[in-house]
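What follows are several structures.
Next come two complexes built around chain A: one with chain B, the other with chain C.
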Partner chain A sequence: MMQKLRPYLTAFRVRALLETQYRGAALGGLVTQMFFGMVYAYLYSALYAGRDPAGLQATITYVWLQQMFFRALFMSDGELQQQIMTGSLAYTLCRPVDQHLYWISRNLAAQTVGALMRALPMLLVQFLLPADIRMSLPASPLALAQFTISLVLGIFCVSQIQAIGLACVMKTLDHRGLSSMLSLLLMTFSGNVVPLTLFPDSFQQLIRYQPFAQVLDAPIRMYLEGQPMGDWLINLVIQLMWIAALMALGRWMWARQLRNVTVQGG
Partner chain B sequence: MRYLYHAMRMNLKSIAQYRASFLMQNIAQFIMVGGEFLAVVVLMTRFSSAGQWRAEEIMFFWGTMQLTFALCECLGRGISTFAYYVGSGDFDTILLRPRPLMQQVVGHRLDPRRLGGMIVGAGAIAMACARLNIVWTLEKLGLTLIAALGGFFLILGLFLIEATVSFFSVRSIEMVNVLTYGGRTTCEYPVDIYPRPLRILFTWVAPFALSMHLPISHVLGKPLFDVPMALVWLAPLTGPVFFLLMTRVWYIGVKHYRSTGT
Partner chain C sequence: MRFLEAENLSKTYIRRVKPKDGGLSRLWKRDTQVINALQNASFSIDEGELVGLIGPNGAGKSTTVKLLTGILTPTGGTCRVDGRVPWLERREHVRHLGAVFGQRTQLWWDVPIHDSFLLLRDVYSLDKQAWQRRLDELVDALDLAEFLATPLRQLSLGQRMRAELCGSLLHQPRLLFLDEPTIGLDAVSKLKLRAFLKEENRQQGTTILLTTHDMEDMLALCQRVMVLGRGKLLYDGQLDALLRRYDTVHTLRCTFEGAVDLSALPAAIRQDRDGDAYALTFAPAEIPTGEVLSRVLSCGAIREMTLKEQNIDHLIARMYEEMKL
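On to the complex of A and B.
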């Protein structure tokens, strides 16, 4: 078993190490995300206009957590696209590994390490912010634990979504249009553009259980208010179910696409 | 200017060769900006006002920004993607040609797929107008037009900062995005809803408030600043002035340009 998993763990480790080298990008991301976080915090302060201070505090915290883990939503790995364009994909396909899992483990590493490299400094910077736009502490230690576990599942979930996205663009040589559309879809429906909690109440049941909400929205809701054990477990099961369903779909699409892939160049 | 006209025509011709792709990309843009439109609609359904502005008025501001920004990305594609030409060495080719430099950079690319974004922006403005029952006079039309023009040049100027930075550092453009894309997100809403630091930043440093918000606030009949009407007409000039200033800075950058070599 361990023997079988080894290539994937190594891929994870190598990609994680690589990600730590992009410190300049992380710093750039940090500045950008801090700016957007502050603008949104002030915007919501204006929109709430003194009504419902608790709601405003929750929304500000929601915004900050979204900004902290923004990198996880961002599909940056254009490597496979490049390989398809240049033809070096042929070498990758020669590797005796499951291509989908191999890509997922690399993607997981990039998303996790990339997100942590931005989230941890942002957490420290929070102390320097004016109190009215600072994020609040988790509802309870239990809420923090629930959040953390759910967030790990969330990152698994986003990797599956991104693998599906990649399968969609594999056919086209110029992937930029479709890619940016997919990432916008992901950002809108995972709550990065507008907190999903602000959607009309009649939509709430629909919007919280769709797959994109499992990535960051579900964990953040736990952070904001801890959930009773039963509800929490149901939430985790929903996350796991989506991961399984998306993974099955992704694997099917990958198998189809890779069978028909054209190796370009010479 | 003749060069620019010629370059743009060539660009259009080359795009006309890929009609299906052009259509697809426009639909994609339409959906993307439509997603952002959805976001504003959600917020405005929830809160129904921001500061002194009603939902429809916010929609007007939002639409103007989207329209202007999309127009900028369409016509100013050569500037907004300039960093790539420095990275790839394409800028060397441009330097060699005996034609005005800035015109060449602007004429280097055209991005008509932004049409989708422009349509959403224009649609938002139209929707806002219909709900607000604005009585259109020549003056109001003129103010809207110069707001769009002022904003257009201002955003081009901001993209030029990114372009200038790319002479000194091929990477880390992301940070400069704060001014362009951050400016767009912030100034989709009128500046007076924000606290002082942001107001100062977007009034005096990147003057979105002067070039766009002030004239539009007059169109909506709720003046943003208490200034004489003549100044309201002159304020959008800050956009072109900013652009010219940044062009000078960019030319200084060109002097420091060292080819990346290939």
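On to the complex of A and C.
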């Protein structure tokens, strides 16, 4: 088993090491995400203006957590997109590995390490912020544990969505249109633009169960409230079901596209 | 059964072209064109052979290589490498296969090359000690020790090509595809690379299929050559025989001690004066080289002499011309 997983674990490790080299990008991300976090925090402070202080505090915390893990939302390993455009894909296809799993491992490494490199400094910076726009602590140690586990699953989930996006790129041979569409979908429906809790009540049931909500919205709710074990397990099952369904779809699309792949250039 | 057998291998692409009646209708109208990248190519290669694949741009060389690596599925015909059909059993097939595509890169751009080699070790599930031994061997032969800790992006083209080659040989592939491995390299790097490839082929018995436009590469490495043109296999045989067929004239350049009279030479030998030297051009088919030599010798005392074949690039250009490529 370990022997079989070796290529994927090493791909994860090397990609994670590589990500730590991009310190400048991390610093840039940190500044950007701090800026957006503060703008949103002040915006919601103005909107709530004295009403519902608990709700305001929760919203501010929600916004900060979204900003901290923003990087996990994006196609973090752009290598393959580039390879599809230039034809270097030929090399990747010459490797005796499961292509889908290989890419997912690399992408997971980039997402996780990239996000942590931004999230941890942002956590420290929180202590320097004025108290009224500072995020709050998790509801309980249990809530923190629930959040962490669910966040890991969330990152798995977004990787599967991105793999599906990549299968489409294999067809269109250019990632730009698809990337911007996927970013829009992910940012909107994962609650990065407006917290999903603030969508109209009639949407709530629908919006909470769609796959994009599993990425960041579901973990953040756990952080804010902590959930009874039963509810938490149900949430976990929903996340796992989405991961399985998206993975099955992604693998099917990859198998199809790789069979008919056009390797660009001579 | 031979190591590699291809039978009537064909590949057609559909290419979109601009419609004849231009204008706005291009927005919704698309004409297509069928491109026969490879038509009914049949050939076989034995284990340990070093075969050259040449042909003008667009002849189908890359398509052939992509079919043999299993990246592309052919539209017709079949092929077996070591008993496996490449595109059906891709994962098992590529395990024993190495490739260097001269204009692309397989190592990770931003990581030290040693890390890339480490990744390849695990991708091919190699035994740690065996991998280390092989790496030491290759690092030594390819002179890579200095750069192991350097990210690929900081290497020069020659260094990078050596690193690529090292990466593709770590798992001791039985079949190696080289697509223009010497493109853009300086003279010293080229010579070293050729020497290394020859040695690798001899020592490890690696079967090598080499695609190149550099005819010096061909001369140095390959005895057998396949010529592709417009998707068809036009020649498959000894490089020598091919060259002899097109190498119809030789030039003998000589300078003499003191005065000399060449008027006794037959008309089949063309005489040109070039300063002190004489350039004597003849066709070995008409008059054997030996006879030319003895006749020239009888004309005077030779101080210096060189016999030149035609430049191989000219030969190949003539061959392409004659084959109407």
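Convention: the second predicted complex is superposed on the first by the 265 of 266 C-alpha atoms of A that agree within 3 Å, B and C clash if a C-alpha of one lies under 4 Å from a C-alpha of the other, contacts with A are read in each partner's own complex, and residues count from 1 in each chain.
Please note the rule applied: contacts are C-beta pairs under 8 Å (C-beta built on N, C-alpha and C of every residue); 3 or more make two chains touch, one makes a residue touch a chain.
Nothing here was measured: the structure is a model prediction, and the numbers come from that model.
**Student:** If we overlay the two complexes on their shared chain A, which of chain B and chain C does A:209 touch? Say first, second, both or neither.
**Tutor:** The answer is neither, since A:209 touches no partner chain.
**Student:** After superposition on the shared chain, which partner residues are touched by A:18: those of chain B (first), chain C (second), both, or neither?
**Tutor:** Second partner only, chain C.
**Student:** Could you look at A:43 and tell me whether it touches chain B, chain C, both or neither (first, second, both, neither)?
**Tutor:** Touch status of A:43: first partner only.
**Student:** In the superposed arrangement, which partner chain does A:259 touch: chain B (first), chain C (second), both, or neither?
**Tutor:** Only chain C; A:259 stays clear of chain B.
**Student:** With the two complexes superposed on chain A, say which partner A:185 touches: chain B (first), chain C (second), both, or neither.
**Tutor:** Only chain B; A:185 stays clear of chain C.
**Student:** When the two structures are overlaid on chain A, which partner does A:9 contact: first (chain B), second (chain C), both, or neither?
**Tutor:** Only chain C is touched by A:9; chain B is not.
**Student:** Applying the document's definition of touch, where does A:91 land relative to chain B and chain C: first, second, both, or neither?
**Tutor:** Touch partner of A:91: chain C, not chain B.
**Student:** If you lay the two complexes on top of each other, which residues of chain A touch chain B in one and chain C in the other?
**Tutor:** none
**Student:** Residue numbers of chain B touching chain A in their complex, please.
**Tutor:** 21, 24-25, 28, 31-32, 35-36, 38-39, 42-43, 45-47, 49-51, 113, 171-175, 177-178, 182, 185-186, 189, 193-195, 198
**Student:** Within the complex, which stretch of chain A touches chain C?
**Tutor:** Interface residues on the chain A side: 3, 6-7, 9-11, 14, 17-18, 21, 79, 86-88, 90-91, 93-98, 259-263, 265-266.
**Student:** Tell me, which parts of chain A touch chain B in their complex?
**Tutor:** Chain A reaches chain B through residues 24-25, 27-29, 31-32, 35-36, 39, 42-43, 46-49, 174, 177-178, 180-181, 184-185, 188, 193-194, 198-200.
**Student:** If you look only at chain C, which of its residues touch chain A in the complex?
**Tutor:** 13, 57-58, 62, 66, 69-73, 90-92, 94-95, 97, 99, 101, 103-106, 108, 110-111, 115-116, 118-119, 121-125
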